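Next come two complexes built around chain A: one with chain B, the other with chain C.
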Partner chain A sequence: MAFNLTRRKFLQTASLAAASVPLSKVVSANTGVTKAPLDPKGTAGDKTVVGGICEMCFWRCQLVGKVRDGRLMKLEGNPKSIDNGIKICARGNAGVKLLYDVDRLKYPMKNVGKRGAPKWKRISWKEALDECGSKLKSTVDNYGAQGICVFPHGASAKYPMHYFERAVGTHNVSEASFFQCRGIRDTAYVATIGKAPGEKVDMPNTKVLFFIGDHLGENVHVSHIKQYIQGLQNGAKLIVADPRFSASAAKADIWVQIKPGTDTAYMLAIMNYLVKNNKYNKAFVEDHTEGFEEFAEAIKGWSLEKAAKECDIPAAQIKEVAEMLAANAPHVAIHPGRHVSWHGNDFQRERALACLTGILGAYYVKGGWVPPKGPKVKGVSWAKEDHGHKYNLNFNHEEDEKIYSNPPPGTPTELIRDCAISGKPYPIKSCVVWGQNPMQTIPNQQKMKDLFNAMDFVMCVDVMPTDVTAWADILLPEASYLERYDYIKKGTQWDLSKEHQQYIAARMPLVPAMFERKDQVYITNEIAKRMGHAEKIPVRTIEEMVDKSLASANLSIEKLKAEDGIHIQPGKDPYGIPEDFSVILYNDDLEDSGHPPAPTYKPVPGNPKGFARLLYGRAPVHTFNRSQNNVWLNNAMPDNPVWVNDEVAAKLGIIDGDTVGFVNSEGVKSRTTTTVKVTPGIRKDCVYMYHGYGSANPLLTTGVGTGVDDQSLITKLAVDPETGCHGMRNNFVKLIKDGKVLDIPA
Partner chain B sequence: MSPEEQSEDIARVYRFLSQCMQYPDAEWMDEDFFNVFYSLLGTLGAVNDAVEIKKKIDQAEDPVEDLQVEYTRLFINGVPHVVAPPYGSVYMDKSLQGTFAGNTLAFYRDKGFAMEENADLPDHLIHELEFLSLLTLENDLPGEEEFLTKLFRPWYEKFHPRVTEGAHHPFYRVVVQLIDFFTKEEDKDGFQPNKA
Partner chain C sequence: MQYGMIIDLERCVGCHACTIACRAEWEVPVPYQRNWVKRLGPTMTKDGMAATYYPGLCNHCDKPPCVDECPADLAEMTFKDAKTGKTKTMEVAATWKDPFDGTVQVDKERCLGCGACADACPYGARYVNPALADDNSDGKADKCTYCKPRIEEGLQPACVQTCITGARIFGDLTDPNSAVSKYVKNGAKGLEVKDGHIGPNSRYFGNKKDISLLFADYTPELADMGSVKRRAMMASMVKPAMRKAKDIGLLGLAGAMLVKGLSEDEKN
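And now, the complex of A and B:
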């Protein structure tokens, strides 16, 4: 196209006058730029805004924002924090880039194309909410509340999750943070000590740190890392069991290069050694455990030699570990781990960790497992309602008992997927995804696609377009953690041996939400009104929710603001065993449910010939796929090189930096490639990569296709029999170089 | 024509171009709008473009929805990715709300203007065209030239070819060409090179 005039000529002639007059008749009267009084120049308007609570990961450090002209320039730790202090991690810093990410969702959108291959059209909130409300209501009217399944994640998903569970009445809710992450740990500890353990080990004051696969340093949560480093600085010994020379293994006094999946055997041998040699804590066992005799009898077959063979490690090393623990007990920190859904035998491993802590007497003592005594703040949400068990997929009506006896809250993911795809025992026809990316958090992506294709309606709420949002019919943009009120973070000073203090901090926006992004209370309430639940709405706004919650601690948003975002009050001594505390070493209830009452090792599937086990873990500067598109973080770690043992690499003819793809034992190939990291720091029978790369969604202009998506190769499902949670490390791969598939030497 | 009258005319053009970049809505994107649009193209001798757009509009079952889908894909969130976010900072700072956006806002303020509360970001194409319109109405021609040179053309020259290459609908291809035409100074010979 070319115009037959020059601009100058056009502007100087009568043509302009003739053409311009009608133009003014078809423009709207309002403009976004208007006449205003002159502002003084300079940085006088710069502000430090308090009340930030990070959500680049779940640890939720307390922040302040440096704001100029309404723009967030920089994030820092809140100087008043007694948790993370002024420190925040790389991800925390990079929150600025999430806030202003070009690819972020800005307006409600409707998919006028197909699920998985969307054509998006911006629509109004009214149209979006009307559609969500009517479609979800129609599902409930036609199929019942159980016809809706929900995949939530993160602080903002709590309120909508409670709405669908409590007010609407569906059991079909599955949180990845439980079923693909920590749920097994929590329920195993509940079955042992009656409560979820968190990561509440008193590392600064311990004498020995005992890790099973924990790779602190690559897994960065600020106050947790402060505790860990303080412990090491104070002279604590570090024992790390890991097939890989992780960041923690690199600092270890004893690195146990264990065969994947055999950790329970390793701990059973340690415990058996301690029992047989009278090196356990007899006083604690006498006063605070149940079933010791039966427990000792159940594990007695686990000699050092037997475990050594099973775990492929020296018997002398297991003995050295046991001796080190015994010599320093009870001041030993047996870390419960965080992401524990590994092999489908994980409940037993977590039980072993809890029992090992018990026979060492390492509960509620300095350097052991010690829950801090934090302040009480009451949550505010939808009222609980009893919806019975009739449509609970995790309930065997013939036997009148749960299918998985010890599940985390919600319904095991696999039960929901199977029901949604098969339509049995009942139809599930609508899916709500809120802040979760089930395409990359739940194994077997094809099955997830089959679920979406079986739906009448799919809605997603997120801050970013992720792999799952391409499957939505309606996609709603949520205000990010820097733009909204919600989460109330509470806790104590990070080092339990210091002056006892408690803190309460509520998330408050550091800048207003841009575009048409909305918070979870607005979105949920508007949907609830359209589904006929207006009278059940517990709060009108998110500010009201936070204020009501804070009122239970005699605080308010205004008071917190006046206190620089964090309220601090005197704390309580956390040490000392509660009178009613008991460690159930031998659990009869588990036996009644058909599971081993004492921790039991269940072997995991071995490597098929020519394949290596695929292991994955956290990258220090990423929170899985959630931070893939962050420009700063992507620049720091743009891809996820695969760790290959140096001897294996030599036999395969692979050198450091080579580009490879993958095929798994079920024939699934990786969509993308990555580079090779050749190292002696990994066993020959495994390969390792950081999780959360290789996104398939082209809407993530930075993160798409960078590195390899390990989840796409995790197609073989293991399900933990006690909890129904997934195990994701029973998948095996070969490398593909220059189109040639390479067998991994045995 | 007096300088004031000429400024008013130019201001109307900027405002109209700004309107063209608003999210399509049947409330304003009606027959009158398109007739004015075709007329402007005719004045500029771009009849073929007018015919091409008219044909596309007339043949569409829901022309506004077509343009909404196209707008979303080009400027908001698209597949395989958003083609051309209409914000200066994206091209100059590789981010929304970068330093460039701050500099743009500072320029507005220097000239006695500010952003409305519900406005988009200051470096959005719509607001920059609105600002040019307001500045021209005040006969601040040096200010207009300075803004165009320092804060508009540097990013628009990166934005324009993206839309030209990525557009599926002729409407936006022509709109960005019009904006280019009205914001680009000719060289001394009156020649206006078209990089797009």
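And now, the complex of A and C:
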């Protein structure tokens, strides 16, 4: 019998509602049974459907689908793309396995068990929406709009997030992409150059790439990786500071095996060396920076030797790096990073990166930080309304100023959780989770559970079950990125040295949504009607939202389809420093808020005796926890081996491939185990694992219990004083082997 | 001509796009694979700390040890040169090396599923998919075809098309002007077996420490041909008719549903 595994699994999930499976009508002589062709057909003859925008991660590559008899067989990069081109990564390629995942949410569900230990009952959309609408309305009626907190993530969460922020009027929104990821970077650069930096370094055309913890190669975003490799191919030197011999360190000219948490000290020494030795870019500093004298004075104590001691690296290597940067300035790419919520001192590190770029004059020049000039497309969403500061948790009413002076948009996560759990200064009684998995994005899982237990109502919207959906009262199934209109992606050609072009592409469905999955505009509008906001609804359908937005660029869904999914128009030269551009090296506003005006190193807590610092990072085949249940991606990297230094391993008596669990310095044990990777490529005082493994939800039949959930071990909270964002690398673990807790030798 | 593939480890970031694109293109079921990416290191080499990748696939060898071991009855096949239209007729078993493009291919209709070819391959580049068992076999051998059906349509191999850094380069190794030949001139080399010469045509290019790490870890040995031959002989002795009963046993629920569907069709 020729039923291959994928087809059998597909039949289980999709036979009822989906397109028919393309079986050829070959009948076995012996059994009279229809069997699949022995040789797969390949996708060359399949129908090409345009308009896909990937969302296996947030980079949003442009796709086409290969469709056979109504079934999406394969995803490819859109040949018209000037961004990712025909190339997509492992996750992008595995999108079809998300689409047809047997474990996907199919129907609205009501939890008739307990939060955290749910029993699911299928209900109608009407019942589900009535329940969400009445419960949320009741919260607003009894406690005010601030009684709702929202944890959104991803393209589909923007519209509902705007609804709750703008129309309903709650400040209590915590996006993981800001408070547990890049928010610190954005606000530190805003405080330095007036804008968020993205990852807009002109890598293909640079002479030196300078990475602090960036592990490109393990962290994969297609056009970004293209830029990185093109830079190296063009002869750029690569400097990587990382406690671990990362994928990038393996391609580096200089690997700086820095002690975790000391990066700012390292950069202060580099900057001080450049200033002291007159190796900074004087013309740029003269014309485009503010506060150089005060800045130079503030960092003058950072000798190479002082930093060498603090960072546990050779002074000569710091000098070598500084010299390499100076010799190639201004054509140096100081990468701003992406996930930067590490140690609770990260605003200062990001300020140091922005200032280092400044004194090297590496803004708006070839090979430096260069924002591409993209096309303008207006977003269409709920109308903005002013809801004042009265219920803004990040506002000190006595002092009449913000508590965290430089927060990213939303409200710092800990302020929301503390308020929700304590009921002070006001009650928060409903929680909306949309596309985020706060059990694994936010540190201290017990505190997250405490928040949910303090709620009158919890609703989750997602495409898949996750560890947080187990805490929902109502769980709603969303159409995936392959089944809905949605996000408008815009940008320029990936290599700034090539012909200047701009592109606009809108997400369009490659196949229709199956089962009872709905898009975010439908769900949000139906809830809004039930909460009494019918008259504020900005668009009736998601197509209308996309079409209205495209109209601002004289485009439409129809026009985009006729242009194979991507509109391309002439672009603009991005090089050249704007006249009013200024790098604020010494920021008086920060001083007024009680923070250091010049980048300042703040030491982080050291290792308790017998513990190693827990470091984590990206796996190239996964987007955090979201892709863990994907059968193809799970197979590619089924667990997250913990990196242990070879000398440490020898002392502990553990070898490569051993199975271990963990206990952290607060006594929290890992739920599961993983394997050991013994290597000289990590410092002795740390261990490292990929983030996002070890899901606890048994409804994830592939991903449950695979590897260890690093977030479960991150219980000790650190909060960045300027931004209110988390720092997640101040937690320490011991290994447990065969039930025995092993002390990490000093 | 001889098709070959270069893997440029200076460009490769180990992202697995190649392996997943292959699964989608050819519906390769987990846990089997036509190609793979293994992560090597970080480890200390004599040239310093190194970490790299082993993106592997069928080497479409000059002297493929898998082809010789196939026990299926020989059949006459006529091959055609896509460029010149020239033809050549040969007697081949269920797997062969194409006389014109140098690729190694499998005829699944005639494959016995014995696995002798998979055992003979020093690279582990073949697998037998038991889910494809039929009246004549216990399953079907499967492997990378260098995406021959795509090449014939004028497309790139799926792994090459999606490779995000352009680390995979495909072409004719006998054409001195091809990109792959240029890489070979610059030192790209295949993972040749220890103490033998089978001429792998998937070749690796990279810096000294990465290449030395790859070759130290993954230079294969030739398989024990004695056991391979025994397996092949056993397979050729088993009569296809013996499999009938087993075939029905393997049907399972999904198959039973289809049988029902078919018999209902007959009624109508």
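One rule holds for everything that comes next: the second predicted complex is superposed on the first by the 700 of 746 C-alpha atoms of A that agree within 3 Å, B and C clash if a C-alpha of one lies under 4 Å from a C-alpha of the other, contacts with A are read in each partner's own complex, and residues count from 1 in each chain.
Heads up, the rule we're going with is that a contact is a pair of C-beta atoms (placed from the backbone, for glycine too) under 8 Å apart; a residue touches a chain by one contact, two chains touch by 3 or more.
These numbers were taken from a predicted model, which means no experiment stands behind them.
Visitor: In the superposed arrangement, which partner chain does A:M109 touch: chain B (first), chain C (second), both, or neither?
Guide: In the superposed model, A:M109 contacts chain B only, not chain C.
Visitor: Check the residue A:I568 against both partner chains and state whether it touches chain B (first), chain C (second), both, or neither.
Guide: Touch status of A:I568: no partner.
Visitor: Thinking of the overlay built on chain A, is A:L232 touched by chain B (first), by chain C (second), by both, or by neither?
Guide: Only chain C is touched by A:L232; chain B is not.
Visitor: Based on the superposed arrangement, let me know which partner A:K119 touches: chain B (first), chain C (second), both, or neither?
Guide: A:K119 sits against chain B, while chain C stays out of touch.
Visitor: Just chain B (first), just chain C (second), both, or neither: which does A:A513 touch?
Guide: In the superposition, A:A513 touches no partner, neither chain B nor chain C.
Visitor: Quick check on the superposed pair: does A:I86 touch chain B, chain C, both, or neither? Answer first, second, both or neither.
Guide: Touch partner of A:I86: chain C, not chain B.
Visitor: Quick check on the superposed pair: does A:V631 touch chain B, chain C, both, or neither? Answer first, second, both or neither.
Guide: In the superposition, A:V631 touches chain B and chain C alike.
Visitor: Figure out whether A:L38 sits in contact with chain B (first) or chain C (second), or with both, or with neither.
Guide: Both chain B and chain C are touched by A:L38.
Visitor: Once the complexes are superposed, what residues of chain A are shared between the chain B interface and the chain C interface?
Guide: 1-8, 11, 27-28, 30-36, 38-39, 631
Visitor: Contact residues on chain A for chain B in the complex?
Guide: Within the complex, chain A contacts chain B at residues 1-12, 14-28, 30-39, 41, 68-69, 71-72, 97, 99-107, 109, 112-113, 117-122, 465, 470, 514-515, 631, 698-701, 704.
Visitor: Can you list the residues on chain B that touch chain A in the complex?
Guide: Spelled out, the residues of chain B in touch with chain A are 1, 5-6, 8-10, 12-13, 15-16, 18-19, 22-23, 28, 32-33, 36, 39-40, 43-46, 48-49, 65, 68-69, 71-73, 76-82, 85, 87, 90, 94-98, 101-102, 105-106, 108-110, 112-116, 118-122, 124, 126-127, 130-131, 133-134, 173-174, 177, 181-182, 184-186, 190-192, 194.
Visitor: If you look only at chain A, which of its residues touch chain C in the complex?
Guide: Against chain C, chain A makes touches at 1-8, 11, 27-36, 38-40, 42-44, 73-77, 84, 86-94, 96, 216-218, 220, 222, 225-226, 229, 232-233, 245, 247, 249-251, 255, 620-621, 631-633, 635-637, 679-682.
Visitor: Provide the residue numbers of chain C that touch chain A in the complex, in ascending order.
Guide: It comes out as residues 10-11, 13-17, 19-21, 23-27, 29-31, 37, 41-44, 49-52, 108-109, 129, 131-135, 140, 147, 149-150, 153, 155, 161-166, 210, 244, 247-248, 250-252, 254-255, 258-259, 262.
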